[in-house]
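Pasting a structure below so you can have a look.
Chain naming follows the written order as A, B and C, and within any one chain the residues start at number 1.
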Amino acid sequence: MRTAVIVGIGQVAVKEHWETSLRDLAYQAIKEAAKDAGVDNIDALYIGNMLGGELSGQEHLGALISDYCGFNGIEAVRVEAASASGGAALRQGFLSVASGAQDIAVVCGVEQMTDVLQDKVTTGLSLGLDSEYELASGISSTALFAMLTKRYIHEGCCTPEDLAAFCVNAQKNGVGNQYAMFRREVTAEAVLKSPVVADPIRALECPPVCDGAAAVVLAPVETEGNHNQNHDCKYECDTPVKITGSAVATDSIGLDNRKDPLVFESVKKSTQNALAMASKKQEDIDFYELHDLFPIAAALSLEASGFAKKGEGALLGRNGDIALDGTIPVTTMGGCKARGNPVGACGVYQAAEAALQLRGEAGKNQIECSTGMIQCIGGTAATAITHIMEV
Amino acid sequence: MEGNCLYLNLGDDMKPNQDVGIAGYGVYIPRYRIKTVEIARVWGRDTRAVPIQEKSVPGPDEDAVTIGIEAARNALKRGNVSPEDIAAVWAGSESKPYAVKPSSTIIAEALGATPHVDAADWEFACKAGTEAMQACFALVASGMGKYALALGVDTAQGRPADQLEYTAAAGGAAFLVGKKKESLCYLEASHSYVSDTPDFFRREQTRYPVHGSRFTGGPAYFQHVVCAASELMEDVGYTENDYDYAVFHQPNAKFPIKAAKMLGFPIEKMMPGFIVPYVGNTYSGSCLLGLAATLDTAKAGERILCVSYGSGAGSDAFSFVVTDLIEEKRGLAPTVDVYIQRKKEIDYAVYSRFRKKLVM
Amino acid sequence: MEISRNWRLKNQRYRLEGTTCTCGQKSFPPRRICPKCRENPQHTVQFSGRGHVYSYSTVHEAPEGFEEYVPYSVALIQLEEGPLVSAQLTDVDPEEVSIGMKVEMVTRKLKEQGDTGLIVYGYKFRPVLRC
């Protein structure tokens, strides 16, 4: 395998893009990434998207977006793994370049969620669950995470305030991210006073419904072995960011079929494999862009990925270990909570944000770092996709 | 015996060739209740003139099918039979969820009685349940089936502000018919009395029925109930003194009490089965719930008269004798009283929401 | 309007039919291959419907088709035979629910496909009714 590097990134500000369509969101991100990488032509495009079919009536995004962006004819496919679609697209892009199959691959995560009303969004997000045994009973994604939260609190692992700390941290970090949807701090008190969505989860603990797109350009670090006869694989990048670890793991789609619903086995396996591939351990990781779909997801991810013992993930929130100056900073640019969660795009936003950190371009949110871990989960962690990035 | 039977034809009772009875019975009443004074309050009526105390209201996820499924499951618990041995599942209702598609197939499927079973929906206003039961007796007595299940279930709708709104309620009962030797009460005889009497009816496509006001009394309810009961007793050779209990269809509190009086029954014999003040009129479930409530307390050897009434019009009268098996079978499923006591009161606003009376 | 799909699921929905393996593993939904020992085929079993609440919540923002029932309670139920089942709770107010509460299965309407479509029936759980 060759070494694949991120040589360009592009992000669209996350918000309600009433005037921008799905294909235009992707175009903006891809154009910016290509410009950042100094490339005019690309060999492949991998689109991470979950809800295009359900909310926009549009599947077949590979063909649509590649042509729309002026790359008619290339290899282009949409990759889907529910809310981990962005990470899944990154994985495909990584494999494509690292294997030598393609040279310049763009990975773009895009989601347009605000064209429909709330009930359709709730239904759409629930498509990552078991449609015949979870959604069929009217159980939403939020309700499942709410049940995990309740059980976690019942087992004495934390208080609601501890979990609210993840939101407070994310919102604080969002302030310094120009692409974030929410750029103001919030207090734990405000979080816990906000309306109940699915008890005990509150409105301010939920990621917003929003639109966005992010793209990264992947290339081999060496220019030899060029398999594409149509261009010379040139790119311009001062600080290429290496992807040294990449792993996907899955678990039963229904929370009810897990060995222990409070243990994200997929996160455990995916993290272990990605770290092993990169020859790294938890202590080598300078920051962790985990998938904070809800505070409980963050707490359980920290446990499953080995940064906290079982039942102690929320303590990292309580003790401030997750802050930018803490022992394991998470959601350094705002995460799902503050940057926003255009679902299928999230994994690629994480890649772009990690690249900014590793390049030293994270501005007010800059951490001293050389290795970061990004991870997104699909559904209730039925899929976990982890990448290790280094400079 | 008082009577205003227009004619006493003295037709023969129906007696089965083989001895048959009730191998198991089960009931269901939804949890929600609305007090009739609350209904009166909303419509500005005199709260002292309400016909009963409160009525049951089905929850948003309930209908005649779900009521039937639970009642049937309870009947099977008492009957202790394998669902594959049931030859027929016959459900009587006037509030079927589908105008075309049987409720009985859903109930049969839920029980595990399908596919080798007969299933059909029966209809005759409030006596749909007893006529299904009558046919079950015939099926089992003929030897054509080992067991047959009859259900009377309803989620009656009352037109807002109408008098019937006080009483139109939800609930039902299921009776598993089998051979006498397995039964907690056996059938001595039955008698049906029917005529074309349009006291209460609903045309297709209309939401609420037409109620014939005072016409529903003399020529309708009382003519058919009293004649069916009288002719049953006459042919089988009993008087009111031979019965320990009398159960009548209960559209309100007054009618069954008057019927009992006309037939010479002291009111105490009616009381165990007299549930309308606390539940309302469960239509096809009414008399069967009354019968179940009676069986919940009756002793071996006691005799029960059970008379249904369905508008349009007709009555099925049954003579039952309780057996020794009642004691061991009774406790195997919840009694009527368990369901009556399990209640949550709602106001008219929530009632309107549950009964889909709000235009969305 | 989904007809055949709902029809395919009636054994699971009406009678809580799952599968059991010779190794002792019990599964709901039913499985072709045992998740524990990978044996195939599996044997059909009807679960009793008795269990207790593992966790629960109340839905205020419903997926399509469930809006008219909001707010409603949902739960993960631990069946006495072992498997966890995701289902709605019924006949109970949210404040009456607790982790560990004993429940039993009942068959209720899950949803209606509009005014003209199929009525989908299936399992829900309620606090155990004494005999």
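One rule holds for everything that comes next: a contact is a pair of C-beta atoms (placed from the backbone, for glycine too) under 8 Å apart; a residue touches a chain by one contact, two chains touch by 3 or more.
In this text, all values refer to a predicted model and were calculated from it rather than measured experimentally.
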Subunit C and subunit B - chains in contact with each: none
Geometric centre: closest chain by C-alpha means: C
Of all other chains, the one whose Cα centre sits farthest from subunit B: A
Distance between chain centroids, defined by C-alpha means - subunit A, subunit C (Å): 32
Whole-Å gap separating subunit A and subunit B, where each centre is the average of the chain's CA atoms: 60
Residues within subunit B bordering two or more other chains: none
Multi-partner residues of subunit C (at least 2 other chains): 69, 88, 110, 124
Shared-contact residues (touching 2 or more other chains) in subunit A: none
In the complex with subunit C, residue positions of subunit A that touch it: 118-120, 122-123, 126, 130, 132-140, 142-144, 146-148, 150-151, 154, 195-201, 252, 254-257, 261
Residues on subunit B engaged by subunit C in the complex (per definition of touch): 31, 59-63, 65-66, 69-70, 97-98, 106, 109-110, 112, 331-335, 338-339, 342, 344, 360
Subunit A partner contacts - residues on subunit C that touch it in the complex: 5, 9, 12, 27-29, 35, 54-67, 69, 72, 74-76, 83-88, 94, 99, 110-111, 120, 122, 124
Residue ranges of subunit C touching subunit B (in the complex, touch as defined): 10, 14-15, 46, 68-69, 88, 90-91, 93, 106-110, 119, 121, 124, 129-131
